[in-house]
Amino acid sequence: MPSKHKIMALDPGPQDRLEPEITEYFAKCEEKLGFVPNVFRAYAFDNAKLKAFILMADDLMLGESGLSKAEREMIAVAVSAINHCHYCLTSHGAALRQRSKDPEHGELIAQNYRAADLDKRQKAMLDFAAKLTEAPDKIDEADRGALRRAGFSDRDIWDIAAVAGFFNMSNRMAAATDMKPNREYHYVSRERASDSALASSRGAVPAPAPTAAAASPRRRAERGE
Amino acid sequence: MPSKHKIMALDPGPQDRLEPEITEYFAKCEEKLGFVPNVFRAYAFDNAKLKAFILMADDLMLGESGLSKAEREMIAVAVSAINHCHYCLTSHGAALRQRSKDPEHGELIAQNYRAADLDKRQKAMLDFAAKLTEAPDKIDEADRGALRRAGFSDRDIWDIAAVAGFFNMSNRMAAATDMKPNREYHYVSRERASDSALASSRGAVPAPAPTAAAASPRRRAERGE
Amino acid sequence: MPSKHKIMALDPGPQDRLEPEITEYFAKCEEKLGFVPNVFRAYAFDNAKLKAFILMADDLMLGESGLSKAEREMIAVAVSAINHCHYCLTSHGAALRQRSKDPEHGELIAQNYRAADLDKRQKAMLDFAAKLTEAPDKIDEADRGALRRAGFSDRDIWDIAAVAGFFNMSNRMAAATDMKPNREYHYVSRERASDSALASSRGAVPAPAPTAAAASPRRRAERGE
Amino acid sequence: MPSKHKIMALDPGPQDRLEPEITEYFAKCEEKLGFVPNVFRAYAFDNAKLKAFILMADDLMLGESGLSKAEREMIAVAVSAINHCHYCLTSHGAALRQRSKDPEHGELIAQNYRAADLDKRQKAMLDFAAKLTEAPDKIDEADRGALRRAGFSDRDIWDIAAVAGFFNMSNRMAAATDMKPNREYHYVSRERASDSALASSRGAVPAPAPTAAAASPRRRAERGE
Amino acid sequence: MPSKHKIMALDPGPQDRLEPEITEYFAKCEEKLGFVPNVFRAYAFDNAKLKAFILMADDLMLGESGLSKAEREMIAVAVSAINHCHYCLTSHGAALRQRSKDPEHGELIAQNYRAADLDKRQKAMLDFAAKLTEAPDKIDEADRGALRRAGFSDRDIWDIAAVAGFFNMSNRMAAATDMKPNREYHYVSRERASDSALASSRGAVPAPAPTAAAASPRRRAERGE
Amino acid sequence: MPSKHKIMALDPGPQDRLEPEITEYFAKCEEKLGFVPNVFRAYAFDNAKLKAFILMADDLMLGESGLSKAEREMIAVAVSAINHCHYCLTSHGAALRQRSKDPEHGELIAQNYRAADLDKRQKAMLDFAAKLTEAPDKIDEADRGALRRAGFSDRDIWDIAAVAGFFNMSNRMAAATDMKPNREYHYVSRERASDSALASSRGAVPAPAPTAAAASPRRRAERGE
């Protein structure tokens, strides 16, 4: 596979002169993840586009929400599975394996969430995300009602929709550009859950999520780091 | 239709304390359009979400690009037609009627772009956007090749994908929340093309597009207004 | 759009020598609507085909039925939206804006009826028409049962099916021939509902529907006009 | 199968007082076919609906056309196969077995026309009918061009579209009403082609098609019968 | 149709030296059916492939099961109808006409099982087979629950799935190779049910099913024949 | 995930008294793989079903063929990705990572083969398998022609179809029964290609494929092991 190291099939131009905030953000990615996610390098030909993308991704995946970060990754991965998005299944598949502390579970959602042992809440959440992905024109009040009955607030429903919507955008950007994920993602959180669970019980801190968002200066500042 | 004045079917919370930049942006909308587009009011429960959304929409629809603003509205409307998105067909249908200075043409794209008299370039552009919407997993090099043969640069292809991707997100937000467009959109640019063309030939300045982006402080500053 | 004035992409031959009944019918169209709908001009190469088409369309859209004329236009438009039919969305969209005395409502059905504020009866009616359009082989007794529970008689169900079926035919004729609607339709009933409602309260008679059926000699005779 | 003798799942009312022309038509059906096709009995609750239906069906399947009657039945059956229409596959399947004088060929089209040994002309004809059935919104000039290259005139293309369109209507009427075909159709033209070919070579006249159209007073008059 | 006597569109090589068991099996087919089904001739280029295919088909369609042989043919035919498989609709359509002792019923399942008068058990069985065919990724516990409520055991559910799965394989082999059924199938069990029922009441033994499985040496031995 | 250790959602009965040949086969699996694949345990309630399944799987994936074993796994995985089959993506995903000696490549095919760097031969092979999976009724001579132009013989085309067909069956068995893969598969061949390539260059023998077929007594005997 000779072209594996390319970032994408388009060449929209050289890297823009990045704003200092972005440069710092990239440095944090390198420090935390060991690399800058290729999606950011792909957007880096234009500072304004990159910034808007990071702000939105960051807010959705790491901001305040009634959904846990692992649940948001579940939505990201379930949507990307429906759209067969190589980039997002690789990068967010890695994030989900890590966040859920169960690599088999992460893999399963990347294959077919219906085969996973989900509680009613998460089943309802992913059913909504799947329908919103496959048939957005058929969503109606009954679908929102099913989420409310599963315990979600209106704000939670917004967040489910926003994450599902965002990946319907990102999956298409990755498809249109044939975006290639960083190879490192393949090797994240592949050890057996029992082993990592053990490590966790010994006080090990879970590694930061392999998305740049985890390293966001703004979010980190908000968290007082 | 008793609920027509509601903005959406969710109540994610009261309006956030908006940043001054956003407050000014809303004032510009009122001034230019006569109203703040409901999509912004829908996002306004959270300043960070609203800001990221405006930055991205603004950049995509009004920023520098090899695609004209009317072409970007064509993509927005063609994608929204496939997804049967009431909100976006209404708001961007209005924008397209206005930008293209031909209300019949705008309506046609909102119905089925294949019935429109498009040149090869625009036909290729919308064919790509349609495939990216319907079958993102099947986009391959041949599809990018067709755009290049139609005269698009790699940067243009990025922009086509980015606009199509963005509306695949926005259509889903509107569907998930049953978002209602401002009624005013229905009545924008409904006069016959010949009449408006006449007005135009008399030196009338085209009215600003009925999207908030047109009133963006940042973009307006960039344009030196 | 240079070819806008063409009626269709096929040239099946010159206009047939029309029967007097048809000639009179066309005259009524001119008188009432200001034009002969292009679909009739398209069929006019053959008197027998045109006559059968008019008889059927006339009966379905204007004959006796438990469905109001506005409801029949709702079905026509909802089916045409699923099939993305430029001709029928334009011509029957105009008819629906007019019949429903609410241009926004008409537009909405042409975009996605699921976003409209429909009562249970009309929601059930359009759900049936949509399923009959998208998956006719999956209609079963439960679907008829849902219509009966919503208050429809068996005769009403026949009429819902017949109108939905008819537009599944007409949409395909328009698609196969790239039929172009008369430009006039675009400008029918575009004024705000409140204004026309006001006019109506002053005793104004609703204008005849912009379909030739309204001008049908036979129907008009039956109505004692 | 206890309900086999019912005509349909709806009871839209008792038989209308049929016009003499229709009564005569039914008598011809009895004489020629041995029965009145159930679709006519289904429509018979309303004289106007029945008449319009017969006029249209008659003209399409038996009128002048560049398509042979067997080819029109091929379209009818191929469309009905896509829509999985029990009524039309049974009744027009019988007609096609008879018209093509090859029961195996008729059966094959009712299963999947792509498995049949078709010449380029008929393959192009059915490909167009299939696309028009499955994705009418995607028909474009290239599709008409393929028919022209296969030797069809514009008038022929109209006829292909009209027959395909008509069965997209009829299939839906049959589905919506669960219409049951007359049992006799099952047993028409089931003998081996070689045998009937033999009979034919002995000067036997092909039996009239088992559709009421064959018995049409109008058409028969036109044929000088 | 000149190529009718060909077995398939591929030539994977000459017939393998068949094992004695297979040779005997073919002889039984000839004796019982009057021919060796073409699917076996197609596989006969490789003894191992043919043997595995026969063992599996034999076990599924004729082995012990809580499903009757006619029910298993119903699944075979309903699945093949969805996949529009010419070969299997012809061969198993014949088998179903014969097994169900009602040629009209067999034909109906080959057209659209939803139009048939099925009891709840068989309706549930075919609904499951249809969903498993069309959307295997969406099968979940509720689908198995529906079968259990209709009276099926877990072993029965396995068998429904196994037959449906098998024909999803066989339909694709037939499609990929353009496999042609033996012409004889067309003429099996075409007489009216009442006549054959009469014959049956006179002590006539139902003819063996027109699948090779019926003649399986192994199965016949198990049955003590 | 409490039910993870269950093999499937059905209980079709206790394990059958396995034939000695099967018992030996299971022992080989344990020896080679460290476990008996759950699909075999699922079928083990019936000796005849299990044997037919093993014979067919074995022949297809390990028998003589113009397709390499890695290519056959590519088909298995690409089909399973379209059908979103958790079991087969896990078990054959592992086999493909191992056979291709490139875990990233294996993962990629399990996500979307169109994103992989394939040569024309393998691209054509997977395009055929994908179409055969998604629209078997639309396969025609042009599809076989594309494979021949890519260098495949008729026998090769049979094998491509047979493997694709088999997984369209197996995917449905896994979906219908909610079959769970052995956990071990998740951890097979997860090390970086460079590392394993290194090991390979040191003379390490590739481990046997994690499918029972690899351990087949019959096949092993044929290979002279």
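Each chain carries a letter (A, B, C, D, E and F) given by its place in the written order, and its residues are counted from 1.
Note that in this section a contact is a pair of C-beta atoms (placed from the backbone, for glycine too) under 8 Å apart; a residue touches a chain by one contact, two chains touch by 3 or more.
Remember, it's a predicted structure, so these values are computed and weren't measured experimentally.
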Self-check item: Any chain that touches chain D and chain A
Solution: B, C, E, F
Quiz item: Is the contact between copies chain D and chain E built from the same residues on both sides or from different ones, judged by whether over half of the numbers are shared?
Solution: same
Practice problem: Name the chain whose C-alpha centroid is most distant from the C-alpha centroid of chain D. | Solution: A
Quiz item: Roughly how far is chain A from chain B, going centre to centre by Cα mean, in whole Å?
Solution: 26
Quiz prompt | Computed distance of Cα centres, chain E from chain B, in Å | solution = 54
Quiz item: So how far apart, in whole Å, are chain A and chain F when each is placed at the average of its C-alpha atoms?
Solution: 30
Quiz item: Which chain A residues touch at least two other chains?
Solution: 84-85, 112, 137, 139-140, 178
Quiz item: Each pair of chains that touch: what are they?
Solution: A-B, A-C, A-E, A-F, B-C, B-D, B-F, C-D, C-E, D-E, D-F, E-F
Quiz item: So in the complex, which bits of chain E are touching chain C?
Solution: 112, 114
Practice problem: Could you please specify the touching residues of chain F with respect to chain A in the complex? | Solution: 1-4, 81, 84-87, 89-90, 102-105, 107-108, 110-112, 115-117, 178, 183, 186-187, 190-192
Quiz item: Where on chain E is chain A touching in the complex?
Solution: 137-140
Quiz prompt | Residues of chain F that touch chain E when the two form their complex | solution = 9-13, 45, 48-49, 51-53, 55-56, 59, 63, 83-85, 128, 132-133, 136-137, 139-141, 144, 154-155, 157-158, 160-162, 164-166, 168-173, 175-178
